[in-house]
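Look at the two complexes coming up: subunit A is in both, with subunit B in one and subunit C in the other.
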Partner chain A sequence: MATGTAIVRVPKEAQKGQVIRVQMVITHPMTPTRRDPQTGQETPGHFLTKLQLFYNDQLVSEMNMAAGISANPFIALPLKVESAGVIKIVYEDNKGGKWEKTAEITVK
Partner chain B sequence: MRKIFLTSAVFGLACAGLLGYQTVKAQDQELSPEEEIRLVQEFNRMMAEGINPGEIWAEMGKEAFKKYNLDKCDFGLGPGKVEGALAQLPRYFPDAKKVMDLETRIGWCLQQYAGMTPEQVKKFATQCWGKSQCMGEYDAIVMYVSMASNGQKVNVNLKNPQVKRMYEIGKQIYYARLGPWDFNCATCHAGQQEVRIRATKLWSADRPGEAGQAVSIFPKYLVRWAQPMTMHYRYAECMRQMRWPTFEPHSDLAVALSAFLYGTANGTEIKVPGIGR
Partner chain C sequence: MDRRKFLLLSAVAVAGLTFAPAIKPAFAASKLEEEVKKRLGVELNAIKEIAEIRLTAPTIAESGANVPITVEADIPADKVEKLWIFVDKNPIPWVTDVKFTPQNGQVFLSTRIKMGETSNVRAILQLKDGTFVMATKEVKVTAGGCG
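And then the complex of A and B:
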């Protein structure tokens, strides 16, 4: 288990037209760029920059992130569901890492 | 204002982001201490609603559990059975001829089934102490075993003479004044009067139910360290803050304290992982 793994949680079942909460936790150090006051040496930061939410391959939401967000961020987004399908999140960081995670939902 | 913040798309920006928002607000309006405490408690409640990042360790622990041959380990319910294991620990183990709590038992099993020496076990158990954002396998194993007992009630068998003896020793340690500062656990965690460290209310052994609420959520995820804290790490930190002699993980001292705390917490529902600032 390393940087970039995630848990995505949605309700197992939802009514048609219901607004659900898509909850996720991403493991990431989220360290900001920092200059040492004594030596002046710069420590490069490592943080998530972008998160996209796809619902049945359609881009629903996009979020730009930067340093200043806590480590292992917890994010919750509202989503109106009309049909059963796959919810996918794609997220990337400033060091070129790119990951994705999916969750499925059934709609009555 | 907070309601709008809740429902907006950036609701979950981050736990720290939220805290930052509230701290700024607190500074702008110069709130009273009571108001600040209320804000902190609101923050804790909001954190408890969502997914706990500690659950990531539980997934990781499932693999580590097999990797270190712990499915042969008997937690008192049969080899490899972890459901409900935490609820009935500490207990007396005839094979080790000792009373053991969860972490001591894991350490003993690592020696027996994973071929580790006591030094290696100590190094393994303390690999994440004093760090942040550390994905330790030991924490993961403890988290995995603990989370399997979710929803069950703490039920330590205090009728067993060995466990009862450990309970009494633990009680003595809890009220023993030691070290250069003449501290004991009861300095902060006893009495009817409310004790605080900054804005955090401390639990008290004398107020009914509070010990159970404090104990039943361990190991808990700490936002400021971005990693979970196990029970033995909590003991070590408390003892360092009290300037007691250095704490040894998996020692009988820890078992005695666990016997006292979990014995006091009997009947409380286990909710692992907890979350703290």
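And then the complex of A and C:
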């Protein structure tokens, strides 16, 4: 898969007021910035810096990260569902890439 | 200088050389302490460890490139501002910080992190009242994952 694509998994249905887990896997190399100890030359890394979780366009969680997170990050965050809606994640990396991915949930 | 004085002086000099490197780390703040101070604005040793935060991580990780960790807290989400994850001996000890809102319903995070070598993983919760609490777990790494 190409860099920046994501899979977001949520339960299809939930009860009102239930806390669900929003699980996501993002395809990304997450390489750190490295400096050669001999020459001092820097090799720039490529990693995600920010991830936001939205529920019906309302910001729920915001996560800052760097290359300390493993390649192809797996992240699970909690979300309290009140009504049927759209769960959206927006994420960006240090090279200006910005992507988003949505998932839908229905409430019994 | 007589022989006795010379021996005494050289003994002191040798002792000084041997102990100097051992004393040094006690004065210089570690990378982790500096990072915590810079990002949280508090001293690391002022943060209290509490049992309400459950940090789950393997005792022995096969690969440092992929260490699964899970943090859960029995503290209501509306009292929590942020969750910070630090790894003591990584080149950059700060791994991530997550902002929570009441809409989360719970304080929970599960992810996979990189670890350069065997060290402590710390989950620090920043509460709304400005205090910090933490949970620590040591993870043994057989093959580092930062290279």
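Note that in this section the second predicted complex is superposed on the first by the 108 of 108 C-alpha atoms of A that agree within 3 Å, B and C clash if a C-alpha of one lies under 4 Å from a C-alpha of the other, contacts with A are read in each partner's own complex, and residues count from 1 in each chain.
Criterion: a contact is a pair of C-beta atoms (placed from the backbone, for glycine too) under 8 Å apart; a residue touches a chain by one contact, two chains touch by 3 or more.
All figures in this text were calculated on a predicted structure; none of them were measured in a lab.
Engineer: Between subunit B (first) and subunit C (second), which, if any, makes contact with A:Ala76: first, second, both or neither?
Structural biologist: both
Engineer: With the two complexes superposed on chain A, say which partner A:Gly68 touches: subunit B (first), subunit C (second), both, or neither.
Structural biologist: both
Engineer: Please work out whether A:Ala84 is in contact with subunit B alone, subunit C alone, both, or neither, and reply first, second, both or neither.
Structural biologist: neither
Engineer: Once the structures are superposed on A, label A:Ile7 by its partner contacts, choosing first (subunit B), second (subunit C), both or neither.
Structural biologist: first
Engineer: Just to be sure I read the superposition right, which of the two partners does A:Ala103 touch: subunit B = first, subunit C = second, or both, or neither?
Structural biologist: neither
Engineer: With the two structures laid over each other on chain A, which partner does A:Val60 touch: subunit B (first), subunit C (second), both, or neither?
Structural biologist: second
Engineer: Indicate the residue numbers of subunit A shared between its subunit B interface and its subunit C interface, in ascending order.
Structural biologist: On subunit A, the residues that contact subunit B in one structure and subunit C in the other are 23, 61, 63, 68-71, 73-78.
Engineer: Can you list the subunit A residues touching subunit C in their complex?
Structural biologist: Within the complex, subunit A contacts subunit C at residues 19, 21, 23, 32, 55, 58-71, 73-80.
Engineer: Where on subunit B is subunit A touching in the complex?
Structural biologist: Residue list for subunit B touching subunit A: 7, 9-17, 20, 47, 50-53, 55-57, 59-60, 63, 132-133, 135, 140, 223, 226.
Engineer: For a test of understanding, state which residues of subunit A touch subunit B in their complex under the given definition.
Structural biologist: Listed in rising order, the residues of subunit A that touch subunit B are 1-2, 5, 7, 9, 23-25, 27, 29, 61, 63, 68-78.
Engineer: Quick check on the complex: what are the subunit C residues that touch subunit A?
Structural biologist: 65-67, 77, 85, 87, 90-92, 94-114, 145-146
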